[in-house]
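Worksheet for the structure shown next.
Residue numbering begins at 1 within each chain, and the chains themselves are lettered A, B and C in the order written.
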Amino acid sequence: MSLATLERADGAPKQVRPAKPPPSPLLIGGVLGAVAATVVAGWAIDFSLAPVIEQWPMLTMILEEVVHPEWAEITDPSSRLWIAMKETAAIAVIATFVGSLIALGVALLGSKVSAPPAVFRVTKSVMSMIRSLPDMAYALVFVAVVTGPLPGILALTIFNIGIVAKLTAESIDAVDPGPLEALDAAGATRWQRARVAIVPAVLPNYASYVLYVFELNIRASVVLGAVGAGGVGQLIMLYFNRADYARLAAVVIVIFVVVIAIDLLSQFLRRRLV
Amino acid sequence: MSIVFDDVSVVYPNGTRGLDKVSLTIAAGEFVVVVGLSGAGKSTLIRTINGLVPVTSGSLSVGGTEVATARGRRLRRLRAEIGMIFQGFNLVSRRSVMGNVLTGRLHAQTMLRSAFGMHTKADKEIAFEALERVGIVEKAWVRASQLSGGQQQRVAIARALAQQPSVVLADEPVASLDPPTANLVMRDLQRINRDLGITTVVNLHFLDLARRYADRIIGMRAGQVVFDGPAADADDDVFERIYGRSLTAEDVSA
Amino acid sequence: MSSATATTRPKPPPKWPYTVAGLALIGIVLVAGWSLDDAKWERLPQFPGEILQYAGQMLDGVLTWPGGHPEGQSDPDLTYGDWWLQALKLMGESVALAWIGTCVGALFSFPLAFLAASTTAPLVLRVPVRLFFNAIRAVPEILLAVIVMLPLFGLNPMAGAMAIGIHSIGSLGKLTLENIEAVDPRPVEAVTAAGATWWQRIRTAVIPQMMPETVAFWLYRFEVNIRASAILGVVSAGGIGALLNRVLRGREWEWGGIMLVVIIIVTILVDQLSAALRHRILHGAEATAVAA
């Protein structure tokens, strides 16, 4: 109030209060775009929650069986479930090891810090093509050659190379350029720069990515079996096709516990690494 | 090794002129300090000497080797002869002090040895001697990241020494250090220059450290050399020419 | 440290712990390999040759003029173009169900995350909500689909979308709560000092700070979910996966090649679009213009 009177006393023109600006057109466009995409997607998949009510009795029937799991599957260490679980673990271990090892080399080729421009561009586009196919697609093709754990291992190895190489290459991009300049000034070769300055700098990140894909691999190898690539997935499909929900429930419990245990272990290790 | 600049200009890709027709001769064994404001071209000058910044025109030779045309293996061999010290120390922080000093020996290593991190006895001996020269040998197996700034810079000096260089370049080596530590590091550089006869070129922001340690001072402004003479001649008048204003207490205390 | 010890050269630290750890790791891998007694390792050398052969046939399918008629089909009018159209239509369904799944995940994880973050919720609420997030994350989508969604929705994309949606609540919830906890506490303190309620604090100081990162995570999750939807196809929960499974198992490589190429192209396009959007959301218009 007093300010306004002061201004008038000075004879200065009354200051116009700016109006609230409208939201940016990009924000409006973004929100409208998202709404439109949701409507179209909902229509494309016939979105409807009606079955939840109509089919509820069906679900309760199944859940009735699920809450009485076949405990024998879990308590007997020589059951099909445990054999499949061991296979799943072995697939994940081998695929993580081999895939991560190759990925480290690929990552060095895939960063502009460590590779010549032509090499890193080619590597990057090949990697993004490899990543764009889901692991399931690789498993399906490999299963055509031979069934069992081997195609599962190969599919996951490729999947791991894609993820670990991408994340590690990004870490390499972010490496402190100071030590690299010092090595250049000391007359180091490209290979020596990688060995001495880049690899040690990204090692903790790399190790944490490896643990991360190991987690993913345990989950993924559960699923890959569904197309005949070994492991628990095969069992899931078998029980699903037989509608043996009591045994399926036993599988769920074991997967649940194993996945959570590995999550916790890898979280603990990763916290110590970085 | 002597360093000869002949009409050297550097233009960066974004159009900035780093050096503008610089001609200079630095004799073998000299201790030269380059002073000037940041952006005056000090850093560019020093980085052209080992080819980290390519020369746009003119000729620059180090110990008779033309830097501008050197590529690949020849450039690396030249760089092996030139040790470099940086403002930010530029150590690989996750490696031990020893590991960092040994990077100065990389130019003498085969690919297989550097792959497995194996070093010859002779290389280790050179690294230890370098650490002893800067008085930090007891930290040899400590991680570089656990050292103080002054200690890290001494490790960086040892790394440069491990190259057994004929020239040492130091780019603002004391800018990240407190004044007492800065004097210690400058004294190390001076001692190394006197004991080993290594040609030494140091960039400094402030004139008084330069006056205290240099044989010769080169003043730069806007990519050009505006002063070149013995340290004793660098009076307040010269300071104005380099910095474009008169000396204040703040400049001297650093 | 005295000057006498300073001149003696210290001994290098022992290296054996690294050697032991390395050998143990290799040992674990070897044991894992040995335990797979039906792995048929001897077939490994055949892979490159056979895969190359299949890839060649796939490429044939991709490079053939879409108007042409593939051999050995029961329907003589069928063209390669029909295969392309069918692959595109089903891939569209995959993208749609991934989008709906992501929406479901975002919708439920967002409010729940505020009940799970240490900065916005008391311990009694935090523990159960976090347990809930971790629990759904631990159940693979395929199990969720098989046990709950397929009986409810039948063999159609709604089942896939809901399986992906529920699973996404877990992962998005965890990331969102981490975003909430990473918020700069000073503005929150200022708003609290001004007498704001819990809701006002979240609305005015927390949400504006964490929204860009959270929306970027939603988009990223959408990319992940497109890949996940392929898996759900195997149990016929919608999308391109079911047909891909059938075609590749039937060794119809030409058709399979067309489907894989459609998957690659659509996935890369969506990834690029989403990456550009994420960059715009996180770094603003100026940075995007420079990057482009």
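Things to note:
Assume contacts are C-beta pairs under 8 Å (C-beta built on N, C-alpha and C of every residue); 3 or more make two chains touch, one makes a residue touch a chain.
Since the structure is predicted, the reported quantities are computational estimates derived from the model, not experimental observations.
Viewed as a contact network, the protein chains are fully connected, with every chain touching every other.
By number of C-beta pairs in contact, chains A-C lead all other pairings. Look at the CA centroids: the one farthest from the centroid of chain A belongs to B.
Note on chain placement: the centre of chain A and the centre of chain C lie 5 Å apart, centres being C-alpha means. With centres set at the average Cα position, the gap from chain A to chain B is 46 Å. Averaged C-alpha coordinates give centres for chain B and chain C that are 49 Å from one another.
Shared interface positions of chain A, defined as residues touching 2 or more other chains, are absent.
Only residues 25, 28-29, 32-33, 35-36, 38-41, 43-44, 46-47, 50-51, 54, 92-93, 95-97, 99-100, 103, 134-135, 137-140, 142-143, 146-148, 151-154, 156-158, 160-161, 227-228, 230-231, 234-235, 238, 241, 244-245, 248-249, 251, 256, 260, 263-264, 267-268, 271, 277, 280, 285 of chain C touch chain A when the two sit together in their complex.
Within the complex, the chain B residues that touch chain A are 50, 52, 75-80, 82-84, 86, 88-95, 99, 103-104, 106-107, 109, 111, 114-115, 117, 156, 159-160, 163, 169.
Residue ranges on chain B touching chain C, taken from their complex, read 98, 128, 132, 135, 137-138, 140-141. Per the touch definition, chain A reaches chain B in the complex via residues 176, 178-179, 181-189, 191-192, 195-197, 200-201, 203-204.
Put simply, chain A touches chain C in their complex at residues 26, 30, 37-38, 40-42, 44-48, 51-52, 55-56, 58-59, 62, 66, 86-87, 89-91, 93-94, 97, 128-129, 132-137, 140-146, 148-150, 153-154, 219, 222-223, 226-227, 230, 233, 236-237, 240, 245, 248-249, 251-252, 255-256, 259-260, 263.
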